[in-house]
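Naming follows writing order (A, B, C and D), and every chain is counted from residue 1.
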Amino acid sequence: MSSTKKIIIPEMPPIEREMIALRIANMLEEGSYVNLGIGIPTLVSDWIEGRDIILQSEIGMLKCGPLAEEGGIEQDRINASCEFVMELPGSSYFDIGTSFAMIRGGHIDVAVLGALQVSAKGDLAGWNNPSRGLGNVGNIGGSMDLAAGAKKLIVAMDHVTVDGKAKILKECTYPLTAKVCVDIIVTNYALIEVTPRGLVLKEAIAGVTAEDVQNMTAAPLIIADDFQEMEF
Amino acid sequence: MNKVYDSVEAAIRDVFEGAVIAFGGFFSAGRPAELTKALAKKNVKDLTIVLQQVGTGNEEILDLVTSGQVKKAICNYPFPRSASKGTNHPFEQAVRKGEIEVEVYPMGTFVEKLRCAGAGLPAFYTPTGVGTVVTEGKEVRIFNGREALLEKALPVDFAFVHAWKGDREGNLIYHDTAQNYNTAMAMAGAITIAEVEFLFETGDLDGSYIHTPGIFVKRVIETGRPERDIVAI
Amino acid sequence: MNKVYDSVEAAIRDVFEGAVIAFGGFFSAGRPAELTKALAKKNVKDLTIVLQQVGTGNEEILDLVTSGQVKKAICNYPFPRSASKGTNHPFEQAVRKGEIEVEVYPMGTFVEKLRCAGAGLPAFYTPTGVGTVVTEGKEVRIFNGREALLEKALPVDFAFVHAWKGDREGNLIYHDTAQNYNTAMAMAGAITIAEVEFLFETGDLDGSYIHTPGIFVKRVIETGRPERDIVAI
Amino acid sequence: MSSTKKIIIPEMPPIEREMIALRIANMLEEGSYVNLGIGIPTLVSDWIEGRDIILQSEIGMLKCGPLAEEGGIEQDRINASCEFVMELPGSSYFDIGTSFAMIRGGHIDVAVLGALQVSAKGDLAGWNNPSRGLGNVGNIGGSMDLAAGAKKLIVAMDHVTVDGKAKILKECTYPLTAKVCVDIIVTNYALIEVTPRGLVLKEAIAGVTAEDVQNMTAAPLIIADDFQEMEF
């Protein structure tokens, strides 16, 4: 199997990005410290307001609040995506050295990251799309540290690329962010766990079968004993 | 001690050709824009610039690029996020043409290289980047069953930092997330120059809540509180 | 989040035989005396204690020693300064009798080993101690023409720290030089337990001036402001 | 030459410890950051009040003030010798990690330390007197970091031991604090510079000759061209 494997997209339309985020939000435990990457992961924050979950932003902020509305903007208070954010009771600020001590030191319970590709072993490729043609230099940012340091890594992404290519592969073909780091993949069609036995398909969205998911996936899937419809 | 300078020009007078300069800031927050503008005017060649990224929210750094003063950039998020924006971006264009060399490190490694330089530690091992392009040419070693790679300290000749409050002896306080890389860079600089929004007399800042103690800072200039534009990356 | 415990006894309930425990404080300042007293009462055996020194200004730690709970001490200034005081000191006596093993590191190395453990860095090189007994059995390597030795991170099962102010989520502020080792130890602990003099509601401490962000702290107990004796070393 | 070389003590009495400290204070430049060790070095602080010199204490305090008098004592404000100290305008506090970043990172202009022995090459032995019988464990404290990290290291000590043995030796016989680290030795009889050529005798106290100093020193001394009487 390779990334050029023929991919069949099911007729059932995928869920929206917000629903991927909701599925992930529902997996987060109360009392956990969570770091959300750029893209779909950011949307998770919309679903955890009022819950006892603390967001860390790698720029150096703990208990990072929601995006600031007009009037609540403080020019020196941004998240790692350069968006203005709100302060919450108990928010704290620190330098990036301390921020990555938290990240690399295993103090972040869950990191949610986007991905370009994930391999059957849980390798993650997310920082460098070779099509950009910049070789080995690119926007690493905090992704490699998060992938190496978070206690649990959840990938949030579309199941296939916009031009219909598989993103879940036997081996990644793009430059890696980290090896054997992904714990769970949540896509717009399915929820897959990375286990020592291989990729275990746990859930698919309503109207999509395990076979449908396998047909969009260029790595073998083990169907979980408790395989079920994705619920929200 | 009085480390206050009257002008940004005077504060950077001895920046030399080929110098390695770190610039604090993360996108728009906490960047030493006034020192950077003065440096661009001074027109010193062959600089190595050490900073998060070039030209998104810190547009003043682009003047160094377009005027051909930059030989090399050491970054962690060098290019615009969007590939299409990147194609039209003067820094990315200069890199594509081979006019500027780029070295990229993961954020946590980048900041630790600076802190280690400031802390007199020549090198450290980190698990970040193992099995990726970051490992290439570096020693990999196993500690407690887990691979880690050797990274070296990154000392800089000058560090330009931006603080919210500062006193005459160089004690600095940053504002919210404008702290970011400024702390580690202030430590790493052989000569650290701080532009501060508000200058205080020595003794007027609470010594329990200083982010950068004055020992790390050689020069201080009051540049006022800037109006930052809202930036999309 | 509410990390507040009602009693020091409850907060240390899961300390186990053979645990590695770091104790904050430097001589009399910033030491977790109430947690330490509760631990001595609990009587858990074979402990490895990680701290500046044993029993000068932190007499409560001696109860662990005299009751035979300590297997090993990792320190940087283990004994009384005066040789004659040392001869009568229960810790030094236990060490001389071979009842307690001692490992000694230079202060800067000691604190960095703890910080690295908390920061996920498995090892670092330092020039401190090259050519001394500290080098024995360690790798020495040259960086930029200067020798440095390899030191490994020192993770601990529990870290007991003492803060001035703390909130329910574990954000901590230390008082003056009572900060000392508490910051690095709080980072290094798998389970960090903070006794605080004054407990605040979450949101009542200024987030710009937190010394230890709550993410590093699992449990908080309010123990009041102690009266410290004046101590001569 | 060895540490057992016959030492001859001159008839002229040595200067007091306070005067060693004064000689050192007079060498410190305005605008410098200085760390003072335990013992004679601590006394240097009595001679620099009102001068533009900032003292660092390795416990985590910059601009460490003089010893606190009754009434000015704050139980949480001590120096590295566990003495209560005063705050000055501009004093700051930080953790010991940051403190040793300053020390090891070359940010301290001058460290003044006591010593048990100094060698002809500038090796320093100061942390462990083997006579205590504790082997290789002992009170290292901050001494090794200061010796390795300070830009300039001045040793302040008595010229010979209380029982009349040489402390300045061809080679140290006690466990080292650091190799080739001492720049200047100031004793109760003399001021000696450590140079690549060897130990250079720059000053001796009034009434003491260069020969007298050599007779107390178990390493060869080069007499400086500008050798002179120690002035205060």
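Just so we're on the same page, a contact is a pair of C-beta atoms (placed from the backbone, for glycine too) under 8 Å apart; a residue touches a chain by one contact, two chains touch by 3 or more.
Here the structure is a predicted model, which means the values were calculated and not measured.
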If you average the Cα atoms of chain C and of chain D to get two centres, how far apart are those centres in Å?
-> 29
Separation of the C-alpha centres, chain B versus chain C, in whole Å, is 33
Quick one: chain B and chain D, Cα centre-to-centre, how many Å?
-> 37
Multi-chain contacts in chain D: which residues touch at least two other chains?
-> 87, 93-94, 100, 103-104, 148-149
Touching two or more other chains - residue numbers and ranges from chain C | 112, 115, 119-121, 126-127, 175-176, 208
Given which chains touch which, is the overall layout a line, a ring, a star, complete, or other?
-> other
Write out all the pairs of touching chains, ordered by chain label.
-> A-B, A-C, B-C, B-D, C-D
Complex contact set, residues of chain B against chain D | 1, 115, 117-121, 167, 169, 171, 187, 201-203, 207-208, 210, 213-216
Which residues of chain A touch chain B in their complex?
-> 38, 57-61, 73-82, 84, 87, 93-97, 100, 103-104, 123, 128-129, 131-134, 136-145, 148-149, 175-179
Of all residues in chain B, which touch chain A in the complex?
-> 26-30, 53, 56-57, 76-79, 81, 83, 86, 92, 95-96, 102-109, 111-112, 115, 126-134, 136, 164, 174-184, 211, 227-228, 230-233
Chain C contacts chain B in the complex at 112, 116, 119-127, 143-144, 146, 148, 152-153, 173, 175-176, 208-209
Which part of chain A faces chain C closely enough to touch in the complex?
-> 31, 33, 52, 54, 56, 62-63, 87-94, 98, 100-108, 148-149
